[in-house]
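Have a look at the structure that comes next, please.
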C-alpha cells in the first residue's frame, strides 16, 4: 500500500463528504434540489428542496451502496456514502449510511468526521477497529461478522482488515446527512497547496522520537 | 400471520424502546450507567454515565445484531436494536442501528418512530417498502439487495417481504439513540388497558366503507 | 359519525399541517415569504423571509382562530391552526397555536404530530383525553373547563367530547411552527393511492381477534 | 397602579419562571421528580424524572390555569403558568402554557422571556399589545377576542387592557418548559440588592430628556 | 453622560446586531453571501452562502476589531462586533467576538442579548460588571485585567468602568453569530415610534417610589 | 522544539479540554457542581449544578486567563481555557474562552476541536494561521494585532508565531463549554497505549513520498 494514493482517494471521498446534530426538519421531507446550486448558483446551510408536488418515491431510494466502489491496488479500501446527490430524500433527515470495502490486510487510516458519530456493523471479514479520545486514550476492538462498534462524534478512528485473504465489508450509520471526513496525518501533510514549512515541523526523526519517548 | 402476535412482539420491541435530534454530547463519550436507574432509582433525560476512568473498549462494541432475533411462526418478523443496554457507548451519540429479519411474504406492519428518521439497506431478499406523509400521500418502492430507502422522521412506514421463499435481512440506521416505535393500528386497538369504547369507533364496517369511499 | 369524512377532513387538516424542536432563529424575526414558494418556486427547510424593512405589525397578528372552522355533521370536529400562511411572523419562532371545536359526543380520532409536543387547555365542555406510549400503555384523563393536558412529542393521542349536548372548545400550544398530523388508522387505510393489499392485512376479523386476545 | 407591587409580583412570577429551544426528549416522557431537588439536593440542566413505572395519567394533567390568580388592586394583572411543579409531565416537552388576567385599563409592563417565543390568544376583552425589536422598532396591534399575536423570542413586549370596564383574559403558548421572565425597567431598578449608583444613571430628568430628544 | 446619545448609539449597535444556540452547520463552512439579500432581495433564517469554489482565506479574517470604534464624548463607550458583513466566514459557526471600549467612569447600560450567552475578558482597566437573574437577584463583580465574567444567556447585564482616568478594553465571546442587543430602559422609552402613553406608566415618581419601597 | 513535549502538553490540555452546539439551558444558570462527580461519583451529559440558592457572583468570575500558563522551553506554547472547574458559571452556557501564548517562531501544531468552532483575536505578535477543509484545501492568513480569524467547527487548524523575537498572545472564543482538542499527527502516533503496528503504516519514507507526489 502506498500512502500517496490514500491522499488521492481521500480527496475523492470528501468530494462526496458532507454534517453532526443537523437542524431538525420543518416539514415531512425536503427533497434536495441540487440543480439550484449548480445552475442557479444558490447555496445555503444545507440545500434547498424541490417543489413538494414533484416529489416521487424514487427520491427516497438509491442503489448507490449495492456495489463496492473501485478499490485500487495501492489504496486498499473504498467508502461509498448515501448523499443528497444519490439519495435526495436524505436532505434534512439528520443521518446517512455508508458501505466500506477493505482489502485483505488493508487499512482505512486514522480519520475523523467533524459533524457525526458513527456506528459500524461488520458484515464480512475480520476487523481491528479503534478510536482515540481527546485524552489520547486508545480504544481498540476485534470485530467478527455481525459485531457493531461506536466511533464517538468527531474523534479520530481507524478500521484495519486483519484477515490476510478475505475482503471485509462494513455498513455504517452516521449521525449527519453530511458527516465530512478529515484524515489525521494526510490532512496535515497532503493539502492541495503545500503546508507552510514552519508547520511541517514533525519530521521523520520526530516521529521516531515521539514513539520512543512514549515507550514505543 | 395473526395480528395479535404483532402486538405482543411490538411490546417487547418497545421495552428496549428508544429518540430524534438528540441533544449534542458535552464530552467525548458518556457511557451509559444503566445500574444507576435500576439500583439507585435515578432517571433523567437520557441516562447518567459511568466514571470516565472506568470506560473500556468493550463498552463501544456489541454482538447484539450478529444473529436474528427469534421469529415466531405467527409473527413473521423480528427487529433487534443496539441500545444503551447492549451497547452503553451509544449513549449521547445521537443514533442507533437495527437489524430486521422478515419471513417470506411477511410484513413489518405500519409504524412510526416518534424520535427518529431511518435509512434502511436491504442485505438479502426482496422488499416492498413505503411511507405515508402527513398529506396522506403514499410513497412505495421495491428494493433489491444493496438498495437503500429513507423513512422520514416520525412518519408511518412499513416493510413487506415480497419473496415467497427467502427470508429478508435489513440493516437500518436511525437518527436517535432511542427512536421509539409506535404501531399504527395496533396502537389504537391494542393498548394494555382497553381503549375507551368511544374512541374505538372505527368498526369493521367503517374500514370497508373507508376504502370504498376512497375508491378502493 | 361516518369515518369516511374523517379521512377527508384529515386531508384538509394536514394541508395546513406542518415540525418538533425547530432550528433556533438567527435574527429577531423572519416573516414568512410564502410567495417565494408559489411564484418563484423556492423551497427550503422552512421558508424564506421577506425583506425585514417591509415587516409590519400585522405580520404578527391573526384572527384565524377567532371563529370555529366548519364542522360537518358527519365529521364532528374541526381543528384550526396558526400557520406561516395566516400568521407569517410565526416563522422560525418554534411553536404554533390551535383551536379545536368538537361536537357533542364526537371524537378527534387517534393521531400523532411527528414534529411537536402539545399542551391543550379545555375552555368549554367535558373531554376524555388520552395518549398511548411506545410501550402501549394508555394514559387517559377527564378534563373540565380550565384543565390542561400534555400530549408528549410524537405519541398517538385522542380527544373525545363526553358531553351529549354541548360542543367542546380547546386551545392548544404545539412545540413547532409546523407540527404535522398523522391519523393512526386512517393513515394506514386511507392514503390517496391504495395501500398494497399485502400491507392491508389487518382485516375485520383481526380487529375483533386483537381485542379478544387482549382481554377485550 | 403602583409600580412597587409590580416588582413584588414579578418576583413571584419568576419563582415559577423558567427555557427556548429546549433539548429534545430522549424518551417518551420524563415526568419531573421535583423532590429529588428539594430533598436530595440534586440539580441539573432541567430536572431528573421519576421511575417510568410510577408514571400516572394525573402527571400529565393540571387545573392550575382553571382560575385566575389573585389580582391585587394595586397590581392589576396576574400570570399563571403550567410548570414542572403543577404539571410534572411537561418536563422535556419543550413548551408551556400561561393564562394572563388583566384588570381594566391595566398593564403587563414591558418584559422579555430569555428562553422562549410566545403566541398569545385573547379570549376576553380588548388589548393593545406590542414588542420592540433589537433595532428599537416598535410593533403594536389592537386585539379583539379570538385574535392571536406573536412575541418573537427574547424580545421586550407588553400587553395593555384598553377596556375601562372589563377584565381581559389571555392564553399563551411559550416555546420552553421554563421561559423565564425579566421586567425591562424594574429589572434595572428593582433588584433585591440595590443596583450600584453608577448603573442607576438614568434619572428622572433623563427619562424626560430621552423622550424630548426622540421627538416625544 | 447624556442618555439620549445612548439610544442613538444603541441603534447603531443593533444594526450590526444579529442569534443563541444557532442551528448546526451542514458543511465545513457557508461563507455569507450578503449581496444576495441587498441585490436579489433574498432573506432566510441566517443568510445564504457563496459558491464554495469561490471561498478564499480572506473570508475568514477581519481587522474589524483592531481599532476602537468612535466613542462620542456624551456616550462613553463603543461596541464593535465581528459579523457576517465584516467576517463572512463566521456564518453558521455559532459564535461571534466583540471588543468593547469604555471611557473612564462610563457605563455600558443594562442590556440583554436575546440569542446569546457572553464571556467577557478584561484586557485593560478596572470594571464593575453584573447581571440580574429572572428572580431579580443581582450578581456583581469587580474585574482586574485578565479576569473573565459570564453573562448567562438572555439576562440583563451591564459593565461600568470604575477607573476615573483610564479607558477600559474588553474582548467578549458570544454564543451566536448574531446575538442581538436590547437596552433595558431605553428599549422601553426610546423606540423609534413613541411608546403608547399607557405603557409609559413608570413615571419619575414611580422610579423614586420603587427604590424607596425596595429599601433604596 | 521537540515534539515529544507537544504530546505531553496536549495531554494536559485535554484534561481541561472538552463540546459544539451544546444543549440549550433550561434555567438562568446551572452552576457546575464538580464535587458531585469526584465525591459522589455522579456523571452525566455535562455536569449537575449546585443548589441555585447557593449561587454567588464569584461563580461567574475567574482569573484563570490573567497569566500565561507555563511555556516549557521545548514546547513553545501554552493554552489556558475557562472551564467548569475554574469558572463554574460557564456550565450550560454553550461557549468558552481561551488564551494562547506562543513563543517566538513556535507552533501550536495542527489540531481540531471535535465540539466547537473558534474565533481567535491576536492581541500581541505576528501569526501565520490556517485550517484545512474536508476537501484538503488549505486556507492560511497572516495576522497582525487586532486581527481575527475563524476556524470552522471540527476542522484541523494551526497557529504559528512568525516573529523571531516576540511572544504572541491570542484570545479565542469557542462555541462549546467543552470544545475538546485532538492533535492531528500526535493523535495517531502518541496515544497512551501503542497504536497497533498495522495502523502505524505511514512511515518516514511515506511522508517524504506524500509530499513529493503532491508536488512538494
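Labels A, B, C, D, E and F are assigned to the chains in the order they are written; within every chain, residues are numbered from 1.
Quick note on the criterion: a contact is a pair of C-beta atoms (placed from the backbone, for glycine too) under 8 Å apart; a residue touches a chain by one contact, two chains touch by 3 or more.
Note that the coordinates shown come from a computational prediction; the quantities given were computed from them, not determined experimentally.
Peer 1: Return the chains shared as contacts by chain A and chain C, ordered by label.
Peer 2: Touching chain A and chain C alike, sorted by label: B, E.
Peer 1: Just tell me the minimum hop count from chain C to chain D, counting one hop per pair of touching chains.
Peer 2: Steps on the shortest route: 1.
Peer 1: Rounded to the nearest 5 degrees, what is the angle of the rotation that puts chain C onto chain F, matching CA atoms?
Peer 2: 180
Peer 1: Name the chain whose C-alpha centroid is farthest from the C-alpha centroid of chain E.
Peer 2: It is B whose centre lies farthest from that of chain E.
Peer 1: Using mean CA coordinates as chain centres, what's the gap between chain B and chain C in Å?
Peer 2: Chain centroid spacing, chain B to chain C, equals 24 Å.
Peer 1: Express in whole angstrom the distance between the two chain centres, defined as the mean CA positions of chain D and chain F.
Peer 2: Centre separation, chain D to chain F: 39 Å.
Peer 1: For chain C, write out the residues touching at least two other chains, lowest number first.
Peer 2: Only 18, 20-25, 28, 44, 46, 114-115, 130, 134-135, 140, 153, 155, 180 qualify.
Peer 1: Among all the chains shown, which pairs meet the touch rule set out at the top?
Peer 2: A-B, A-C, A-E, A-F, B-C, B-D, B-F, C-D, C-E, D-E, D-F, E-F
Peer 1: State the interface residues of chain B toward chain A in the complex, per the touch definition above.
Peer 2: The touching residues are 20-25, 28-29, 55-58, 60-67, 82, 87, 89-90, 93-97, 99, 117, 119, 121, 123, 130-131, 133-135, 139-141, 143-153, 155, 171-175.
Peer 1: In the complex, go through chain A and note every residue touching chain C.
Peer 2: Spelled out, the residues of chain A in touch with chain C are 23-28, 30, 33, 44, 46, 48-52, 91-92.
Peer 1: Sort out for me which residues of chain C touch chain B in the complex.
Peer 2: 1-4, 7, 10-11, 14-15, 17-18, 20-21, 105, 107, 109-110, 112, 114-115, 128, 130, 132, 134-138, 140, 153-156, 158, 160, 162, 180-182, 184-196, 198-199, 201-204, 206-211, 213-216
Peer 1: Which residues of chain D touch chain F in the complex?
Peer 2: 18-23, 41-46, 114-115, 176-178, 180
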